[in-house]
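The structure follows.
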Amino acid sequence: MNPQNLLIPILLPLLLALFSFLLPRGVKRLREVVSVLGAALFVYVAVAFFGQKETFFTLPWLGHGINFELRLYGFSQFILIALSGFTFLITLYSTVRMAGDPRIREYYGYLFLTSAMAAGAVLANNLVPLVFFWEGLLITLYALITIGGKASHRTAVKAFLIGGFCDFCMILGIAILWSQTGTLRMSDISVVPQGLTAVSFYLMMIGAIGKAGSMPFHTWIPDAAVDAPVAVMAFIPAALEKLLGIYMLARICLDLFQLEVNSAPSLVLMTVGALTIVLAVFMALIQKDLKKLLSYHAVSQVGYMMLGIGTAVPIGIAGGIFHMINHAMYKSGLFLAAGSVEQQAGTTELKKLGGLAKAMPLTALGFIVCAAAISGIWPLNGFVSKEMVFHGSYETGYTIFTIAAWLGAILTFASFLKAGHSVFFGPRGLETAAVKESKSPITIPILVLAGLCVLFGVYNSLPLKLFIQPILAGHAAPGEHIDFTAHALAVFNPIALISMGCLLLAFGLHLFGFKRGGNKAYLASEPIHRLPVLHTLYDWAEARVFDLYEQGIKFIQSLSKFLFRFVDRPIDAFYEKVVVGAGRACTGALKAAHNGLYANYLAWTVGGLVIIVWAIGALLR
Amino acid sequence: MNNLWILNMGFVALLIGIGLYCLLAMKNTVKLLIGVEIIAKGVTLALVASGYARDNLMLAQAMVITVIVIDVAVIATALALIISINRHTKSLDVSKLTQLKG
Amino acid sequence: MHLFLLIGLVAFSIMAVLSRDLLKSAISLAVASIFLALVFFHLGAVYAGVFELSVVAGLITVLFITAIALTRNDGEVAESKRHRIVFPLFFLALAVLDILVMRKLLGQIPAIQGAGSGTFSQVLWNQRTFDLVGQVGAIFAGVLAVLALFRHDSPKGDSHE
Amino acid sequence: MLFLFIIVPLLLAGLLPLLGKLSKRFLPDLLASAAMLFLLVLSVVSAKPLIAGGGIIQQAFWFGAPLNIRLLLDGFSLFMLFTISLVSFAVTLYSINYMDHYGAKANYYALLLVMIAGMNGLVLSSDLFNIYIFLEMAAIASYALVAFGRGHEELEASFKYLMLSAVASAFILLSIAVIFGMTGGVSFGTVAQGLKTLNVKYVVGVCSGLFLAGFGLKAALVPFHSWLPDAHPSAPAPISAMLSAVLIKVSGVYAMTRIFLNVFGLTPALTTVLTVMGVVSIFVGALAALGQNDIKRMLAYSSISQIGYVVLGLGIGTPLGIIGGLFHLFNHALFKSLLFLNAGAVEQSTGTRALDKMGGLAKVMPLTATTSAVASLSIAGVPPLNGFWSKLLIIIALVQAKMHVLAVLAVLGSVITLWYYLVLQRYAFFGKLNEAWQGVREAPFWMSASMVLLALLCVVTGLVFPFAIHSWLQPAADVLGQGIGVALNFIGF
């Protein structure tokens, strides 16, 4: 392939962005049509790139080893396809959902700018262009969040500061890596993380997981869920940032650094991953708003990916990467479904909604499939990738991480049962009387994503063989053949059985909670309740374990509250109070020092002269 | 020859020190300007002394004359400023000129 | 002789600083200028001496006195009385430091003989022509500055005080 | 031909007060703009002989007769000349509308022209004492321009500026006198040659200290910066732009760099002092800017911070560092002048400079808001605008020079910069439109035109920066990279 073609995935969205910026606001339809067609072309380009052999493109740039280098290979081809696909779906969805927005011009512009930057970041083979595109994403994120309206500015600044901090860490890590290896070409770097390079690893890791939205860099996501347009949420935190963040993390762990199984960096990564899973899912459980609930899950699921990659075991890494793409699909689907509900019903608050399944069958179907996928129900894609992560973490010998992952799975399913139940089943909310199904540009993306969830689950060999295995091709132990498809949907092994058990447990939890709530939709889950074995189990539980459950729920709830108040908020407060406060204090001191007295200023000048002369004298000695 | 240069430079330093003291400690704006003048005297002395020490007195004198001319321009501007400020504040106290701060 | 002239110069400078009356200060400064001019004469720098006498001792003193006459100083700026005590201490410290530094630093400088030069006017016109352009510019700047500050239309900015 | 850079503005400055009697507005506007355009074209044309060969020394002619004035033109001075001409052209266009309500336009242009003549002379001179003269010439004009509004604040700011600046000039002159006393000459060649033969590193150290204090005060490096936050906001907006964008760089950074790199030769001690001063300036300026409510005062503190970057880059002394520093110098000239012009437009329309009284002005002044957003993003180092590249180059140079701590601090400073520019944008232009400004209108034609010109330049420079670096930053950096060889080359002249 002609190496210059590598510029197309960057330039094409850039042109689309320019088009949207320059097109006057008054012109109707044309913008949407061009955007959708352009995005389709983008998909075509990405697909055409797939399967090409490794290509390098180099443009001399600043010199000193800083060149504009791009590289197309298995991994970036795969991410590019996903990226273009999501861009297309979101564009299609936005034609209806964002129609009439006063800042529509900027919206499409920034959307495509984001795609261009992301494509650049994926293709970059030199750390400096990588940082360039990476930083660019921060700006477009800021801009896209502010489209949400007046209240969104605060959130945008918060996202910006947090993202800026993470990127700053990454730049620092890159600088250290550069000084240690002497090159900026990513494909030339491969070092063992120890000493300074370990510091660099951790710093770059913060950059990557910060982009992916892991704890403790997540606090802007739930805020943004409320403030930012839902299409933006579906595109950026749910899909794109995961793709990029986890892509970067995988690159760091696989290529730039040689991560050993159970080495300190690996354990750190796994710990952060496990903590993210558990803490975020606890937070998700108590949310009363659909979009907020989804956004906390967006955080929690990152934990699985980090856990998987952090294991440094092939199946774990493959699981992590697979989970990334799966998550992008079902989480986008869920956000889009939430958006569809919001547009029709006017709210996403769980208590106001109910029984929408009949009125919005397509949205409901999409939501249910995606929710089942995220919960890891056989045979959907979430099941496959989660199993792989469980296996991987189990193989490292630290079962604690596997248990944490299982715990996460239980609560994930429970919270989605709650969400799905209260939105689509049960009696209709009073305020949402006249609800119709959304238009096709809204439902099609949802259904496509749901369909993909099924496809990637049932025919998991397709993505695994086509996308994932090539990435790991160079990383298997010699002589070992990599094939994950063999046990992908196998149910009869201990780990899969435990997972299934977890799901059942979650279901039970939901049922008890539901019944306890005295809801009238109780009959909806009656058939399961009447199953012979479960029935007696439930009866037995109803009589005796009820208190225990109550206590358990109370415990879980208070724990959630505790975590929210003492972990989640303090992190938030750190950004808001400590950083801002420190800035204020310095500023105040400086303002007081500039008191307007001439003698004072002159004294600084003379004092400065004395210090400088003294310093030069001391340095000359 | 060299010794004379050192002696002169010593007095240059004294003049500049006196001038800086005046600038730092005095409050009257006209007095501050006198401090600037004293510093300027020190510097012109330094130029002439250097020219004398290096047998390049003509060059030194040419420079001194330029310095004096520039000095006149600066002093004239400064006095015009002081008079204008005096019209606003009716005072010559520099410690009252603290409207700009922070 | 040279030393006495220098001491006179410093003494009158000190008087100019410490004197409580502005007029006396200005006149002390003029006397200090005359001493400086004498120093210049003594060193052979005749042109510089003449200039110092006429411009600094003459013109600048006139400028100062005009300015003092033009400004109104309600309630007399009270200079702190501490200067009578602080200044001698400062001066002593300065002198000691001065002697130490000069001995140590300048005493070690080897000499380079400067290129001998022609007459004064030759130097001024042939070597330092560029300076004259600068002088013209500086005079322009000074004149324009005074014109700008004393122009007749009403001052802006009084409104936003 | 190079002499025209000095004599044209100077002659016009002499004529303008007389011509101003004939026509109060039209003639001064026309002549001043024409002169600036002429200088801009001249600086571009002058590049031709330079690209052919290295630096040149040209003798000035006066109506055909040779004068004893030797002007030094090399990559570095050409670069500065171009920057001066560019900014002064934009500023003059802006003044056509803006200075109407100040009165005495002829006088104003005359002072501006004297200031430009002084800066051009400084840049072209090859002699320490000439540097001092032209420095003073530009400075005297700038005192008057700062006080041009004649309000209390303006006068106070100008007075403090003058008094501190006079001390700085005295330091510079004293240092020149000592060097003259050691080497017997003041031209670059003689001094460099003399210092090379003499072994007097401590005295040179003291002289460097004096220069650093003197030029540091002109450049507003911390702790010599205190006059700037008073003087720059008080001046009329185009003058604020001129002072922040050009004057502090020419009379501070240029002079300092020229002397330290080409005449004294950069020593490790100087590198350390310069880089530390740079970083301290970055932080003090940025943190102080963060707390400001006066928009122009915020910009003034930001200048201190950005000058810190320039000095940091130049102080490293490596080729990449010098390129980064120079590029940042140019970029800062563009976006800081633009920001001051924006602030001026806002002040003229609303009558206030207090950020908390503004709000939502983007709706009524879209052009000002857009250009200001470009400048803010640029100065905060957001890719792909020009400020990003220059900061990146400086940071890379720091890493290459193994100054990792300084690199981290430089990045951190840039984050704070972004912070307060976001604050500025939010208070001034975004949000709800304050009802008081309902009737506010966009800036008049010439003001808008010059703002758009500068904003376009910001964007274009960011996009074509590799070209910019290779074509005319590289020659400038080469000059500085040669060290004292440059000065020694000119002994024969």
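As written, the chain order gives the labels A, B, C and D, with residue 1 at the start of each chain.
Quick note on the criterion: contacts are C-beta pairs under 8 Å (C-beta built on N, C-alpha and C of every residue); 3 or more make two chains touch, one makes a residue touch a chain.
Note that the coordinates shown come from a computational prediction; the quantities given were computed from them, not determined experimentally.
Q: What is the chain whose Cα centroid lies farthest from the Cα centroid of subunit D?
A: A
Q: Of all the chains shown, whose C-alpha centre falls nearest the centre of every protein C-alpha atom combined?
A: Located nearest the centre of all protein C-alpha atoms is chain D.
Q: Taking each chain's centre as the mean of its CA atoms, how far is subunit C from subunit D in angstrom?
A: Measuring from centre to centre gives 30 Å for this pair.
Q: State, to the nearest whole Å, the distance from the C-alpha centre of subunit A to the C-alpha centre of subunit B.
A: That gives a centre separation of 66 Å.
Q: Let me have the rounded angstrom distance from the C-alpha centre of subunit A over to the C-alpha centre of subunit D, please.
A: Centres of subunit A and subunit D (C-alpha means) sit 45 Å apart.
Q: Identify all positions of subunit C at which a residue touches two or more other chains, and write them in rising order.
A: Counting only residues that touch two or more other chains, subunit C contributes 106, 109, 112-115, 127, 131, 134-135, 138, 141-142, 145, 149.
Q: In subunit B, what residues contact two or more other chains?
A: Residues 5, 9, 19-20, 23, 25, 32, 49, 51, 53-56, 59-60, 63, 66, 70, 73-74, 77, 81-82, 84, 97, 99-100, 102 of subunit B each touch two or more of the other chains.
Q: Spell out, as numbers or ranges, the residues of subunit D touching 2 or more other chains.
A: 129, 133, 136-137, 140, 143-144, 147, 150, 152-153, 160, 163, 167, 181, 183-185, 202, 206, 229-230, 291
Q: Can you list every touching chain pair?
A: Contact pairs between chains: A-B, A-D, B-C, B-D, C-D.
Q: Could you pull out which subunit A residues touch subunit B in their complex?
A: Residues of subunit A touching subunit B: 591, 594-599, 602-603, 606.
Q: List the residues on subunit B that touch subunit A in their complex, please.
A: 20, 23-25, 32, 94-95, 97-102
Q: If you look only at subunit B, which of its residues touch subunit C in the complex?
A: Within the complex, subunit B contacts subunit C at residues 1-2, 4-11, 13-15, 17-19, 21-22, 25-28, 30-31, 33-35, 37-38, 41, 44-45, 48-49, 51-66, 68-77, 79-84, 86, 90-93.
Q: Which residues of subunit D touch subunit C in their complex?
A: 6-7, 10, 13-14, 17, 67-70, 101-104, 107-108, 110-111, 114-115, 117-118, 121, 125, 127, 129-130, 133-134, 136-137, 140-141, 143-145, 147-154, 181-185, 194, 197-200, 202-203, 206, 351
Q: Applying the document's contact rule, which stretches of subunit B touch subunit D when the two form their complex?
A: Going by the criterion above, the answer is residues 5, 9, 12, 16, 19-20, 23, 29, 32, 36, 39-40, 42-43, 46-47, 49-51, 53-56, 59-60, 63, 66-67, 70, 73-74, 77-78, 81-82, 84-85, 88-89, 97, 99-100, 102.
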